[in-house]
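Chain IDs A, B, C, D and E follow the sequence of writing; residue 1 opens each chain.
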């Protein structure tokens, strides 16, 4: 991908992603139309919007898997994409699948597995390192796919509903874990989610999309202090206000 | 097919011979010569090999990829006519072996009995010509006889009764074989039924080879002659050589075949072994031309110059 | 479109060029190898002869193929549904492929007499095996989750087969068809060697015996084109029948 | 275990029974069709002869197969990666299948001289096509989403091939191997007809020529067993190499 | 499946599902152990529990797709199972996939499609009737799978996270729609979900499972009035109490 030369919109920080007037059509269907979005380096942006409004398409465009029909896309640095479907390889065990990204980056197989294995305990997948995908539960598969994406070690993460198949508790554990990881080593994150609470927990900015064709309806700059602990936030009126506005924008 | 080294062990000259078919009793003299050490005595090292298909020997000889090949007089004449540069350098079998073979139920004793019958051939043009000639001589209306191409499996066609008779099998091989198998076949030799006589099995070489290796070929034919002589004295020895070299041959059949074939190696009285009778060749050439199988004659299709001299 | 076929054309030209070179090199005698020029001449001179024989062979090939596909697909489905039958019948199918044709020919003659019968039989014999193996393997490879789902929907065995397993295995079936279509031609040739009054196989064989090498090569060229055409036909059929496959990647 | 092979045994017995019946029916000349009893007798009497020839043929088959698989798989992968090459080379591959062996044989002999060379070449010629077609189709059938994912992970073309496409296509490859293994035997037989000093093919042909029908059938039985053994071997290899396939359904 | 003869535990209503001391092992892993559950005819039971605790396994056992290693399973009437993965057939368009269940039940293809088509509008899938699965968004695929299950017209529905991939608004629309449908023609429903709110909105009873091996931790009988409207419930203290207890049981 190219890097742009003009002065960045926000002088403070370099820009990681810039989507300008992008349109993506599939035959009669227009997924995205004249879509604009800019993501600063190290920023965590959550994207919420009605089903079929073009969220996954947006991520695939930024990941460079799809090409826009119109508009300009500027992405600085390489991205790791976590697709909505886990897409685990049936012939590899869990660790092997998690290590796929590393291997693709040229790390030898054994070394890659060695690096991937320790994460399993932390994600509550202990004892399932050697299980094949069809032996895993839905949520386990999703966590393996998430791990695969993180291990790619890219500066830009594109996560399409990373925790959609997880129960409340496992999910919040994962959220806290991710938040911690991002605190430790900041990365630019684009997070597609259906869970407004999740968005507010993790994101610096929440972008609410309109129904197809997807356009940006509202942007909420979530200036809540970090680390954000669910327990505390639930009571926090500021949080409640954010939640109300987000849901309102969505039309709930 | 890179050029093989021209000399064999201890300075002997190497000759490559391609048979007309898989080894069988018709080839016994060659094995007898090997067994008798006659090739070595004459400073030859002869390699024998089987062909890829019936047309291969001529082609390989013409191409000089083998020095000598066993073929059939009609094939040689036709090849010459097509401008293929091969020459018959000596006859192994002095008579036609091709014949009409039928089973008793068909009741075909003479060519006349072919009227209204089905005759299976291998789809070889000159054998069809044989049939026509035979029918003509017997005064049978060709229209009343159905010729049917049954491929190379003449016997299966006969045994499955899909044809009443076959034209193309050798009376001294398939004929004997069927007899041994108690099918008491009716055999009509083509040369007894109106086809001019010819030499069934002849050694051929390209004229280039003839020029370059004339002496070796002469030596080869001489050795074969001695092989035949040995066979007359003691058929067993040669036969054993053949069977030893080809374990999958049926000893009983082969010895029976050899018995009836042995006389056929002999040249006419007062002629050297391998003699090819010029009058017969031209007569047969004429037959082929008249049957429209060739345009020109059989001129230069053979030479007796390389014969070792001396009969048997 | 043109660009797509350019490489083919180029390589073809190259191949023909090489062929011509080797042929006219002289190291190979022209009884063994006819040059493209001679071959083309033969194609022109014997055109009518070749045409008639081509029709015969083509007819044998098509009939044989149809039968092979019907039998092969049928066998695969039955063996897939009735597992013990599969265990039992497979060895026989394999046997059918291992028996040399000269051994089968007389038996076929017994069964069909001469004429077109044995040729079709041999074509079918050669062709049905790839179809069976590929379809069967395809049917066995169906995503098990899908079968579970169908079972939970109370689908009958037939519905399962018809709505899930066969569509799933369709690409495999077409792989088999591709192979069958290509080898069917050679099958017809063998068939004709077991005795025939016309057909390209016979023509080629006679050509070899009568040292008419150019005609032989003309025949071979036609046989090759025939195989190619059948292959392309199958591929087109597949594109029509399996529209969902690889839709994305193209976009 | 025993239960699994019972049907096979039964059907085999039935087949042999039928064979015996037809053979002893008398309507068929026993020079056309040897009975099982005669065949078994031939197997016993000619055992040493058969054994030696079997070794020769087996050797030809194995070498030919190995070469065919190597070439076939290689060709498929290369053609898959280099699309224009695929468009270009496919016609030639198909041609290679459509050319009658009697036409190829002399050329092969030109190339390899006599001896085992041409036989192996013919086996390879017959076997590599199913391997190529199946593997190629398998490679083309990979779930596009997976390729997208790999691309987004920045996998090299090689990594993509090695980690996703080849594993995915493995079952197809094995379908091809199954077919190749089975027809390889007949390939060796043809090869030996192009001139050989020993081998089962020659044995069978000479047997036919000498009306030694029982020996012919003995040879055929061995050839069949050989094909069967190879087929089973491939299937076992598949079970070892593709453990993930159909895991569920069995449970 | 057999029907049991002994007197039912709850005399008031016939029993649709009875799971007694069921254990299901996968090699070293024990998914369910001595599991007991009884579902009355027409009852809507939500099942929540940590990822990998055996929820999907339970549904597959009841659907008759898996067999228990120990224990007794009694299911009255036939069940329609909606798996966690949508499992749409790639060669069928959306309507064709939705109609699959009907077809499997013997309805001729055209008729089945005719019956399935009108539902698309209502589920917000209008104009996508002819789209192939790979042309649908994640949420769309899930809705098609849901439709396929409903159309099977079975008295017992086994839904494994039917709305997991849907955004807040589409999801609540679907929930309301389902609630309405069940009001119109009552069915027995077993609903696996990660969304406690969803469970409380739809279910008569919420069963909270322990981590693997899955056992019943708590049962909440949700005696809130129907129809339950999200807006109203959010404020409702009773609702809040239920939510608290459920989350507490889950260990949040």
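Here, a residue touches a chain if its C-beta (ideal position, glycine included) is under 8 Å from a C-beta of that chain, and two chains touch if they have at least 3 such contacts.
All values derive from a computational prediction rather than experimental measurement.
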Highest contact count belongs to chain pair C-D
Max Cα-centre separation from subunit A goes to chain B
Distance from the CA centroid of subunit B to that of subunit C, rounded to the nearest Å?
-> 38
Taking each chain's mean CA coordinate, subunit A and subunit D are separated, in whole Å, by 51
Taking each chain's mean CA coordinate, subunit B and subunit D are separated, in whole Å, by 37
Give me the residues of subunit B that touch two or more other chains.
-> 53, 59, 153, 156, 159-160
Among subunit A residues, those touching two or more other chains are 85, 134
Contacts with 2+ other chains: residues of subunit D = 32, 102, 106, 110, 144-145, 148, 205, 208, 247-248
If you look only at subunit C, which of its residues touch subunit E in the complex?
-> 143, 145-146, 148-156, 159, 163-164, 167, 242-244, 247-248
In the complex, subunit B residues that touch subunit D = 1-2, 22, 24, 49-53, 56, 59, 65, 153, 155-156, 159-160, 177-178, 181, 183, 246-250, 253
Within the complex, which stretch of subunit E touches subunit A?
-> 26, 28-29, 48-52, 56, 84-85, 124, 127, 135-140, 143, 160-161, 164-172, 194-196, 247, 250-252
For the complex, which residues does subunit E have touching subunit C?
-> 60, 63-65, 78-81, 83, 85, 87, 89-91, 100-101, 103-106, 132, 134, 152
Residues of subunit B defined as touching subunit C within the complex = 53-55, 58-59, 62-63, 78-79, 82, 84, 120, 123-125, 148-153, 156-157, 159-160, 162
